[in-house]
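What follows is subunit A paired twice: with subunit B in the first complex and subunit C in the second.
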Partner chain A sequence: MTIDAMTLTLFLPLFGAMAAFVFPRVATGIGLVTVVATCGAVWLLALEVLKAGAVVTPLGGWEAPLGIALRADGLSLAMLAMTSGVGLLVSLGALDALRDLRQRQYFWPLWLLLLTGMNGVYLGTDIFNLYVMIEVIALAAVGLTVLSGTKEALRAGLEYMYASILGALLFLMGVGFVYLHLGRLDFAGLLEAEPSGALSAALALMLVGLLLKTALFPLHFWLPAAHANATAPASALLSGLVVKAALYIFLRLTTYVPLPDEILVALIGALGAGAVLWGGVQALRAERLKLLVAWSTVVQIGLIFIAFARAGQVGLTESWKAAALLILAHGVAKAAMFLAAGRIKDEVGHDIIRDLDRAEVRPTLAQFTFALAAISIIGLPPSLGFIGKWSLMEGAMAAGYWHWVAITMIGTLLSVAYFSRVFAGFLRFDRVRGPVGEHQGWALADVAPLTLAIASISLGLMAAPILSFIELGYALGVTP
Partner chain B sequence: MTPDLIYGLTGIAVFAIGLTGALCAQDRLRRVLALKLCSLGAGFLLVVAAWREPPAAPDPVPHALVITGIVVMISATAVALALIRRLQSLEAEDDD
Partner chain C sequence: MTDMPLLPLFILLTSLLASPILFALPERAANLRTSINLGVAAIKVALVAWLGWKVSQGVVYDVRFTVLPGLDFKLQADPLALLFVSLSAILWLITTVYSVGYLESGSHRARFFGFFSLCVAATVGVAMAGNLFTFLIFYELLTLATYPLVIHRGSAEALRAGRIYLIYTLAGGLVLLLGTLGLWIVAGTTDFVPGGILADVAAEQRLVAQMLFVVLVGAVGVKAALFPFHAWLPIAMVAPAPVSALLHAVAVVKAGAFGIMRIVYEIFGIETAQALGMTAPLAALAAITIIFGSLKAITQDDIKKRLAYSTVSQVSYITLGVALASPIAAVGALAHLIHQGLMKITMFMAAGNLAEGLGVKKVSQMNGVGRAMPGTMLAFTAAALAMIGLPPLAGFVSKWYLAQGGLDAGAVWVVALLLGSSLLNAIYFLPMLYRAWFRDGTETEAAPARQRIGWMLAAPPITTALMVLAVGGFANAPFSPLEWTRFVVAIEYQE
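Coming up: the complex of A and B.
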């Protein structure tokens, strides 16, 4: 068996996770080396995809439908690159943010296992493997949620666990129905299948499971507490990367087996609109900074589904690109924002929004990072978030679906409003008695979120190459 | 009623019972058990997918899938139980 970049992308983090667990004293070193090596493997894979369009590797030489094939194209590679790139920077941020020895020991195996699961999702080509990978992600993500060990984190983690396992089991039930119906589980089999009621029902089960895992309104109930109570690097990974895995499977499945009805597409858009409005209101009411950021994730997930539904059923052939852009933009910006929020909480000592302007310590660099990330999440030019929102609205306008434009505008206004609450706290000094002590010097932990935030804005300038890259080898309906 | 229909319907019913429990139960342990029921139901369905009219041999692929599913669910249950125990001991400390 030859070892290629694709196999390495999947197995490097797996072996890294095992090694980091077995040798806890050097877990940090093993973790960093593994993440850097995985980035390298993704880079090599990207070069192959640029040359060949789409790359397929049957594991162990067994061909589909019996064997397990890995497949990489532009979209999966964009997701892999986001995951490993953001992951590397979050890892660097974690060096400083995790002070507790116990937390440091367990963070690395869990995070590498999470990376394995996500890489497996982005490379997988059959739905049973996707089920196994989302369970791997679920277990690792729950572990990261409860890493801080507080009672609130444990409660949130348990709630997250129930939702996550239930979502995966709904998906598994759908997989069972697909096998009953088609006798095979690979994407090629799904593509060739005649559309039928039984297949749609199976797909519906799987999609509901995925919506639960990606926290689309009204199935978002577990997300805010879980993301707000985790430690900062864990929150960044959970909010920036983990919810995207289920979203990606949703995009793939709906391209291979198109939604049978216009009403279903509209329903998904409507749920997205619900998320934007409800999440926006809750973010306005949030008392703590991290909770506000977590609610903004609910809003952004809703926005991604609006992008998916922006031009109805006929527009699905183009709409996935807008959704993919928003996924990438949110991944980078939200990771930066959660890391920055963690830094602010560390320096100020609390993250109660209304008392931010009374703080005598002002971690200026972390505040600046938070603001930069907010620019991308609100969707101001030239950030990647702006490009995503722009292509959402462009498609909606071209198709004459003005209501999606209106909802997006309202969502944008709401996000300006709730982030302004935070900025006001950063910029007001008149409520402080005594001298204001600025954060002295730079910490290593500031570098990672700042780099991410700058990336989230400057990637907007590279939107055209990104757009043409995600289309590589991903012609609709004619893969694999 | 052919055996595959009986088993299939049973699987769906078990899954539905588990789903109701997972959504409605309050007790933490009950919800874990409800999720176990869900996975049993899904496993049933996969076993039905393997069934063939007797002279023909059953399809081995779903059996492999069910075994994988069982392993995944055992690990998930273990994690959930560990979390519940830890949470309970933290809450007990608070009560003292």
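Coming up: the complex of A and C.
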């Protein structure tokens, strides 16, 4: 068996996870080395994809229908790059954020396991494999949720686990039906299959399972508590990266087996609209900073599905690009935002929005980072979030779907409204008794979130190369 | 001298890169901060001067890179851009001196100056944007960078003002995004081209073009404080004096007015806009704003609010000049962009000095302030008289061209409007001057702590007041704003 970049991408984090679990005292070192090495592997893989378009590796030399094949194209590579890049910076942020030894011991194996699962999803080419990988992700993600050890976190983690198991179960049932019906499980098989009622039903099961895992309204109930109560680096990983795995599978599946009815597309868009409105209102009412950020994830997931749904006449062949841009933008910006929120909570001592303006310590750099990330999430120029929203609205307007344009604009205004609550807390000073100086609480720990936030803004100016990259290897122009 | 194709980018970057450095400086490092501020501002003025010389030699600048397929981030330095860039660069230098003096003992100076130079970067970007997409980027950046300055004092009132400011401007920005997207879909480009890019579209899809006009002009009209979108401006006066002076007399409202120019002249083209029947309603709206702003100004006792409503009124002169669709009126409009900036910044800085030195914030407290602060009040008086339109001061020149333009366009009512507006200007400015110079100060009223203001506060308004005299008195000299304006109008009207 030859060792290539693709195999490394998958197995490096797996071995790292095992090593970090076995040697808890050096878990941090192992974790960092593994993440850096994984970034390197992804980089090598990216060079290959740039040269050859899509790259396929049969794992262990077994060819497709029987064995496990890994495939990387522009889109999967963009997801891999986001995962390992954001993951690297979150890892650096975790160095400071996890002060508790026990937390540190468990964080690294769980996070590396999570990375394995995510990479597996982005490289996978058959649906059973994907099922295994989303279970791996779920296992690690639930572990990360309860890492903080508080009662709320445990309760949220339990709820998350139930939702996750249910989602995976639905997905597995779908996989079973597909196998009964087609006798094969790889993407190529799905693509060749004649459309039929049975296949659609199987697909529907899988899609509902995925919607539960990605927390599209009204199946989002588990998300806010889970993301708000985890420790900051875990929240950053859960919100920035984990929900994207299910989203990605959703995109792939609906490309290979198109939704049979236009109404279903519209329904998914309507659910997205529900998420944007409901999540926005809840974020307006949220009392704690991290909860607000978690609700904004619900909103953003909704927006991504709106991007998906405005596919309509043109079909997914066009609209997935807007969705992909929004996924990337949200991954980077939300990780920055959660890390920054964690820093603010650490420095101020609490994250109650109403009382932020009473704080005598103002972690200026973390607040600035939070604001930068908010610019991308609101979708103001020139951030990547803006470019994503631009593509979404451009497509919707060109296709004459004015209702999606309207929802997007309302969502933008809502996000301005709920984030400005936070800014007011940052910038108001007349309720503080003691003197408040500038530059309090600057630390090296701010570097990681700030880098992410700056990336989320400046990547917007690089949207053209990103777009041409994700199209490499016919990413979703079909032909798996 | 060798050519520097990236000169516009450098001009943008001077203040953009200064901003993070200023943020990072510790609060104590006041001297270093001042040196950086003044140094960068001076470099910027020098670069702009160089750019101006190059452009007048006929050098064309075009800096661009692709953001999305077919969609470029594009900076250009056409004469129109140069007009606005030089205004903001010069006034930035002067206001920086003023702010250093003003905030000498204040808090959060690192933050203030960081955002301040970000604002200037945004203004320069707005000026040099080569297409509507780039314009949109800097237009939003301007909103975001001014918000922390509006709420700089951090009080409940400031935050309320900030929220209103954000709602107005971000909603405007969102509508601008919608319009830009619409333009992009309909026309396939968003480039600013003299003569416009929508002539074909307007011929085929008249209604679409009309809607686009309403959306785009309405969106930038928010920042231009066009009635009924003007309400944020007086409320935002809670900001510190230098912010009100530079941003709300020059940068923000001018970005709106400048946007109207770009959209009418270079997206639609004046002939197309006229053919669509959109210029007359715009002129009417501008006229309403002019009268409305003046009437509101009369009723204000707070000096800064009175000045703010006067800005509402005066900025619409620019819109009026654009909408009259006559080259002579356009000369007046463009000249007023410069003249109004100089006059209003003088008055705001003078008002700031009154508040700092004498604690005078209301018109009713102004009795005898002329004797207490003669330099400041002389500057204020010169600017006020210019605003009223006393010849040969700056305001007279722009009003003269606007009136002639009105006659040229066959709109006699413009002359009446301008006379009426001048009368209203006199009604709200002359009492201030009268109180300041001819009434004895009643010590019982206000005036708690009299303190001498330093030269950094005293000199800037006098400097700008001298510029007001100069641009009016030497309006026909080469390189005066008026001359440059004629050059610009010749391009926009493709003569």
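As a convention for this text, the second predicted complex is superposed on the first by the 467 of 480 C-alpha atoms of A that agree within 3 Å, B and C clash if a C-alpha of one lies under 4 Å from a C-alpha of the other, contacts with A are read in each partner's own complex, and residues count from 1 in each chain.
Note that in this section contacts are C-beta pairs under 8 Å (C-beta built on N, C-alpha and C of every residue); 3 or more make two chains touch, one makes a residue touch a chain.
Everything quoted here is computed from the prediction, not taken from an experiment.
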Contacts of A:Pro382 with subunit B and subunit C, given as first, second, both or neither: second
Which of subunit B and subunit C A:Phe128 touches, first, second, both or neither: first
First, second, both or neither for A:Lys151, with subunit B first and subunit C second: first
Which superposed partner A:Ile165 touches (first subunit B, second subunit C, both, neither): first
Which of subunit B and subunit C A:Val447 touches, first, second, both or neither: neither
Touching partner for A:Ala266 - first (subunit B), second (subunit C), both, neither: neither
Subunit B and subunit C footprints on subunit A, overlapping residues: none
Complex interface listing, subunit C residues touching subunit A: 23, 26-27, 65-69, 73, 107-108, 110-111, 136-137, 140-141, 144, 147-148, 151, 154-156, 159, 162-163, 166-167, 170-171, 173-174, 177-178, 181-182, 184-185
Subunit B-facing residues of subunit A, complex: 66, 128, 131-132, 135, 138-139, 142-143, 146, 151, 154-155, 157-158, 161-162, 165-166, 169, 172-173, 175-177, 179-180, 183
Interfacial residue positions of subunit A with respect to subunit C in the complex: 364, 368, 375, 380-382, 387, 390-391, 393-394, 397-398, 405, 409, 412-413, 416, 420, 423-424, 427-430, 436-439, 460-461, 463-464, 467
List of subunit B residues in touch with subunit A within their complex: 8, 11, 15, 18-19, 22-23, 28, 31, 35, 38-39, 41-42, 45-46, 48-49, 59, 61-62, 65, 68-69, 72, 75-76, 79-80, 83-84, 86-87, 90-91, 94
